[in-house]
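First subunit A sits with subunit B, and in the next complex the same chain sits with subunit C.
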Partner chain A sequence: MSVMPGAVRLGGRARRLRRTRPGPVTLLSGGILALMAAAALFGTWVAPYDPAAQDLALGATTPGWAHWAGTDELGRDVLSRCLAGARSALLWPLVVALGTCAMSTSLGLLAGYRRGWIDAVMMRVVDLLIAMPGLLMLIVLVGVLGGGIGWAVLAMAVLFTPGDIRVVRSLTMAQRELAYAEAARTLGLGRARIMFRHLLPNIAPTVVAGALLSFVAALVALSGLSFLGIGLPAGTPDWGLMIEENRGLLDLNPWAAVVPAALVTIAATAATLLGDQLFERLSDA
Partner chain B sequence: MLETRGLRVVGDRVLVDGVDLAVAAGETVGLVGESGSGKSLTARALVGLLPRGLRAEGSVEVGGAQIVGAAERLLRGVRGRRISLLMQDPFTMLNPLRTAGAHIAETLPGRTSRQEIARRLAEVGIDDPAVAGRHPFQLSGGMRQRVALAAALAGDPDLLVADEPTTALDATTQHEILALLRRVQEARGMGVLLITHDLRVAFAVCDRVAVMYAGRVVEQGPGAELAAAPAHPYTSGLLGALPSVERAMERLVGIPGAVPRADEVAGVCAFATRCDRVTAACTAARPPLRPIGRDRLTACVHDTAGPAGTARPPLPETALPTAPPVLRTAPPVLRTAPPAVCPAGPAGDEPLLRVEGLRKRYGAHTALGGVSLHVNPGETVGLVGESGSGKTTLARSVLGLLTPDGGRIRLTGLDVTDRAALGPRERARVHRLVQCVFQDPSTSLNPAMTVGAALAEATARAAPGDRIGVAELLELVGLPAAYAARRPKALSGGERQRVAIARALAVRPALLICDEPVASLDVSVQAHVLELLRGIGRDLGTGMLFITHDLAVVRQVAARTVVLLKGAVVEEGTTSAVLDAPAHDYTRRLVAAVR
Partner chain C sequence: MTSATALARLATGVLLVLAAGCAGAPGSGAAPDTLRWAMGNAPNSLDIAHGFNDASTTVQFAVLDTMVAIGPDGRVVPRIAASWTHPDPRTYVFTLREGPRFSDGTPVTAEDAAYSLTRHLDPAVTSQAASYVTQVKKVEVTGPRTVRVTLRKPSPTFLATAALAWQIVPKKLAAAHPKDLGSPEVGTLGSGPFKVTKFSLASGVTLERNELYWGPRPALRRIEVKAISDPETLRLAVSSGEVDGTNDIQASETRKWSALRGVTTAFYPANHIAYLSLGVREGPLKDVHVRRAIAHALDRGALATLMTGGHGGIADLMLPKPQITALYGDKPPRLPAHPYDVTAAKAELARSAHPQGFTLAAPYDSGSDDVKALQAIAADLAAIGVRLDLQPLPTEQYRQRMFSHQDTPLQLVDLVYGTPDPGEVLPDLVSRASAGPQGFNFSGYGSPEMDARLDDLGTHEGADRAAAVTEVLAEIADQVPYVPLYTKEAAVALRDRYTGRFGTWTADVFSGIRPAAGA
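Showing the complex of A and B:
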């Protein structure tokens, strides 16, 4: 085609600008996630109260100067509990996302690059896992296994991986047919080198975006499990658990349930948007 | 019928800068240019179909109606009825869910009948009315292009804009479609604007040809006169770069440098930076298109087309920083190591590559039906065939990218038919024996790796005593050493293909397989790359299997030529014998198509 692709899709100046300076959406969503990460790391230190300290005499109160987000039924400071709860609310989804990403990327690359019986076997297993009703399985599985957060995280990673394997596999299959991959094979480079050094960087934008989507899905699903009482032990400061514990207080101090629920929503939205932006910037580079 | 005055296409910057064109009824006008010249954008501006973010300025009048700035409602009445567009790709141009007949019926005026559709198909040379009921995927590329032409003509337009209508087709089909276009144009007395990158096509088919460069027309005139005596240095440069199908040329001369952006040369002669006759007048102001004789215009300030104008005005040698001198003077390290070129092995009469009775089937389709050929050390063998002839399957079999169903492939006596059966040491040896340059420069380099990293990775695969540095490799293919830090995205198509050649040479292969290495390149760049490859064959003694569909290219590079048709060798011999006195009927048709 004789039309210059860059010129037609987007003017040269706009492209350069976008590459050098992140847009407002990236800044906002990245900033929100950075703030939440800071809360996860240092939340317990900056919290005005001990998140576990009870004041039964006080009980549930609406926001005021002493307690900015009010207190819950046991008189615990909601703001402090939200700050402290960022840790478990963000850490476990992060573990799920990283685990899913590592497993799906390596297995997807393997299936897409090797094809043949490895691919066939792997894809049948993937089909099987995808056919299972995910969340239901998760609840049953974690219930049977004793309800620990570790089991919940592991089961979630196993349930999320198959879909991502398919995505990585199909991208790998497209890349391996391209001339640069064939040239690498002609040079006699090792399989692992071709897979990880040649193919992986070219599918990285989707892998990164996929990891952020897994993070979002895990964040929401783990909050849901906490709400159902599965995963973290009762009393732990955690956004999902707080929603569950405080949903009875909607007439006394609605903030006790609304604030953690809003935090889950905001975190999930910010991560989704950031994933979109990262995908565009990485594929553009 | 069509008249453009000062047509500009503007986005963030100027892409087409002042095109004046006129097409009269019954006339075929060619618009020729390399990629980035703005010819396709011009075509789209004529029908008011510019991509988003771009707008046209100036004036485009089609049969008295102004296109620039016209409302979409008015344009809909003009498109198809007065002006119609035929596009390049017969694979995506037709809607895969609709039949051929439905495409034609859509734009037929009045009531459509089966007879009318059959008549329209007959006009484009399809005598079988059953074709109307077929879907695009059931038709060959040539048939699709015929159906697309019938659909474009269905509204009885006064003017047909054909944007690279034959580029995606095989040589013989290309010939048929061009002849058809000419026939239909004459029968209807219609105007045709043929947009193409192929100078030969333009000169053969068009009454008048306009040459576009960096968003403007630099020369205009009757095709034959332009070919005989070009009046602009760019046109003569293009003609000089064009490989001849009739004879092997001593030297292929590309144009140095690259096409500038239209907005960077707005006030000067666009070709000044690459021209060897540049004077102060060239950069003082933008040279206007001035008449020189009957029907001829040039945008060059010099009197270039003398009465004794030659097809190839000699460009001074000194003004040409082409690759060959580099090859001759540079890396002695490469030339003083003959053993790498002819590896120790069972020598004697054994050729470098011997393929015997190679067979490969894909389902019911036979890609290779028993192909035998050989390449001697240091020899370049051309492999000619159209798409589907099995030439790429053969290349991939030799490279070990696929395993054939039957037959044998031997490299310097080593049986490499089934790569999986080789031991690790033999496998390492095979990778150093044969390397490949692929067709598509946009995918042949890993976009995530710098040029230096890609080349370093390749040299690491060479035998320990034979490693060549990245800088030397770049020098070998005529690129500055600083290119090592660049990523493929920052390279032009020709530069990428040079890097791909350097990567292949890094292990110092005895055999280089070139799979259509210049098919996606512009003429001026193609000349550089062909010259580079010829130099490699000559100076490094690398044997080559050169796959191409272009007879002019094979004439320039190959000593011997093998013609492949539907997975079988139909003719084989010295290149001059095959091209000058073709024995097989198919070869004769191929040769006739480009003459």
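Showing the complex of A and C:
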């Protein structure tokens, strides 16, 4: 029985991964993201108050025993809203990252492997999309489409995809010329099988790192859209929206804006660092 | 990859905002007779026909005279017209004062005055103020200094609307530029206290004292007006001395403005009302019990405090407070009310065809301060099982949807009116003519009987008129196509180098400002 070169390499990588212990940066960033994921899943259960419960008579207050991060102008508990906000803060960027990853990997593999007119057409479209100012286009698109998180996520996935297509395509072009790919073709394996079973595992480190970077970009961009009031509807517990709603409270309860802003920063930094670490570990393996 | 670009852009944006906020006081040595003014938006036109909005009219009233004006007590007083007579219910004869000249030295004539009104009726002008002068049938020059206006039917609101919309411009200039008078390219020419020396949509407007002005000499020599769209940046600009004042202060932000050092913020009653519009033509809101349930469910006291910061109060009637005072004095009528009472709200809902509650779309302008009020309203309504689907829309899209009267079953409306007469408000709210696209009858409420009542308003005066208005208000209170929510005060913030006098009916803000003693 013949063994494909790619399969041999993957087996070795898996063994080495098991041997190498994760460094402190990986542990810290992974731990932070795990905590945030837990908050996204169970945040509404462990929140001390109903995140939507208002107390207009109370209004904005500074942190105290009753409200650890204080309250906003509508008397809502900031901590509870931050915990509940983890869901939209992480879920929608995750959808964007997975969507971007799926589209860019499929199209990048196709363009890089098939070449010819498919590659030429795809790359011109990619050039066109890359030439557009991303965040500005996003704001215009979401505005024209009538706002709403669904359109924002879709538009973001479409706008993030071209850059990643180009990366996957160039990696695929390099891999398709290697001996194991040539061998697979000689054996008569189908194109789809060669692309997804043999080439994809060898470009996986970059794809995974790219997905994490897309997650970070989507997290920041969605927070920005919410800040501009064209993402999620008012009242939704969401970190970006909280920054926008509470930025006028800097003199009354700055924590109402600072805490969600810090959470966006921490989540983005942790995901970036984890992406870097994963890329290095997968590449070295 | 995309993340680096997005982060860099965001960082740049933050730095720009910080830079704007941290700007020093460049003009601390500026002469005190030069005022640097800021507003949320730049004027888009110096002609009310094409710029009928707060930013534009603020400048227009400093540059252009009106035929009459509204005095501090809400009564109509002479301006370019030295006097007028009212020979019959449909006719007004104005006599122009002697002496007014446009800032280029040309005398203001009766021809100019007459044309300045009739142009709003000309379809070629497409005037934004046309709805204010629809009652005008004919405008004639009857002598070198007299103008006669004939109305289609008696209208007690005519003089008040003339104080707002009848801005005097030279006939020759206006006739040559029906569509672009007041634009940066054409500009305008007025006989008011100031003249325009620079106008750009991007950088704002510069005014200088009109030395030919017929009235009291303005204390300010030069005024530089610019736009600062972000409220927080605007506040920081006034605080740092980058600008000397503004009249663009959101009521809910008054606490922060009052706390500024070296800045005095003056408050006065605004001709304002915020209300909830309930679309009566379809869906659950067709049912009057549902509408009454909604009215009972709203804690309007808490809402008023939230939105006005103590500089306003609950709206009891569907009229701005100054109009109520002008009509009823300090004894407004007591009409059927729907006070905050969740039990009563649930009882009303139980009597409706939707006892279990329902969901309503509530589109809103994502750039507006109203979103805060809508969230409070949504929480109140959730308590009785009415769920609001808040739908954020960019400002332009929201305005289009609002004035198309489509898919807007429930919306928060926040309006400032220009005259002390309820005749300006009520036909807009409940006449069937206003229920179509571009009209202000957002609820769609109306009937032939109500239209007849509105028509009848103009034929009454004094106590009879008050009684006729009360009948209309009573029907609104009973049928609840609208829920009055709150009224708020207006505010002007001025650095302490200046003093100013402002009131509800102050049209020309700048003429009331002067350098403080010792500045």
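Keep this in mind: the second predicted complex is superposed on the first by the 266 of 285 C-alpha atoms of A that agree within 3 Å, B and C clash if a C-alpha of one lies under 4 Å from a C-alpha of the other, contacts with A are read in each partner's own complex, and residues count from 1 in each chain.
As a convention for this text, a contact is a pair of C-beta atoms (placed from the backbone, for glycine too) under 8 Å apart; a residue touches a chain by one contact, two chains touch by 3 or more.
Quick caveat: nothing in here was measured; it's all calculated off a predicted structure.
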| item | value |
| --- | --- |
| First, second, both or neither for A:Ala179, with subunit B first and subunit C second | first |
| Touching partner for A:Asn202 - first (subunit B), second (subunit C), both, neither | first |
| Which of subunit B and subunit C A:Glu73 touches, first, second, both or neither | second |
| First (subunit B), second (subunit C), both or neither touched by A:Gly188 | first |
| Touched partner set for A:Gly224, first subunit B, second subunit C, both or neither | second |
| Which of subunit B and subunit C A:Ile118 touches, first, second, both or neither | neither |
| Of subunit B and subunit C, the chain that contacts the larger number of subunit A residues | C |
| First (subunit B), second (subunit C), both or neither touched by A:Leu135 | second |
| Touched partner set for A:Leu35, first subunit B, second subunit C, both or neither | neither |
| Overlap of the subunit B and subunit C footprints on subunit A, listed as residue numbers | none |
| Subunit A contact footprint on subunit C (complex, rising order) | 1-3, 5-7, 9-10, 231-232, 253, 256, 259, 299, 302-303, 305-306, 364, 366-367, 371-372, 374-376, 378-379, 389-394, 397 |
| Residues of subunit A that touch subunit C when the two form their complex | 52, 54, 56-57, 59, 73-74, 134-135, 143, 146-148, 159-160, 163-164, 167, 210, 213-214, 216-217, 220-221, 224, 228-235, 245, 247-248, 251, 268, 272 |
| Residues of subunit B defined as touching subunit A within the complex | 11-13, 15, 33-41, 51, 53-54, 88, 164, 197, 396, 399-401, 427-428, 430-431, 434-436, 438-440, 443-449, 457-458, 461, 500, 503-504, 507 |
| In the complex with subunit B, residue positions of subunit A that touch it | 1-4, 7-8, 10-14, 178-189, 197-198, 201-202, 204 |
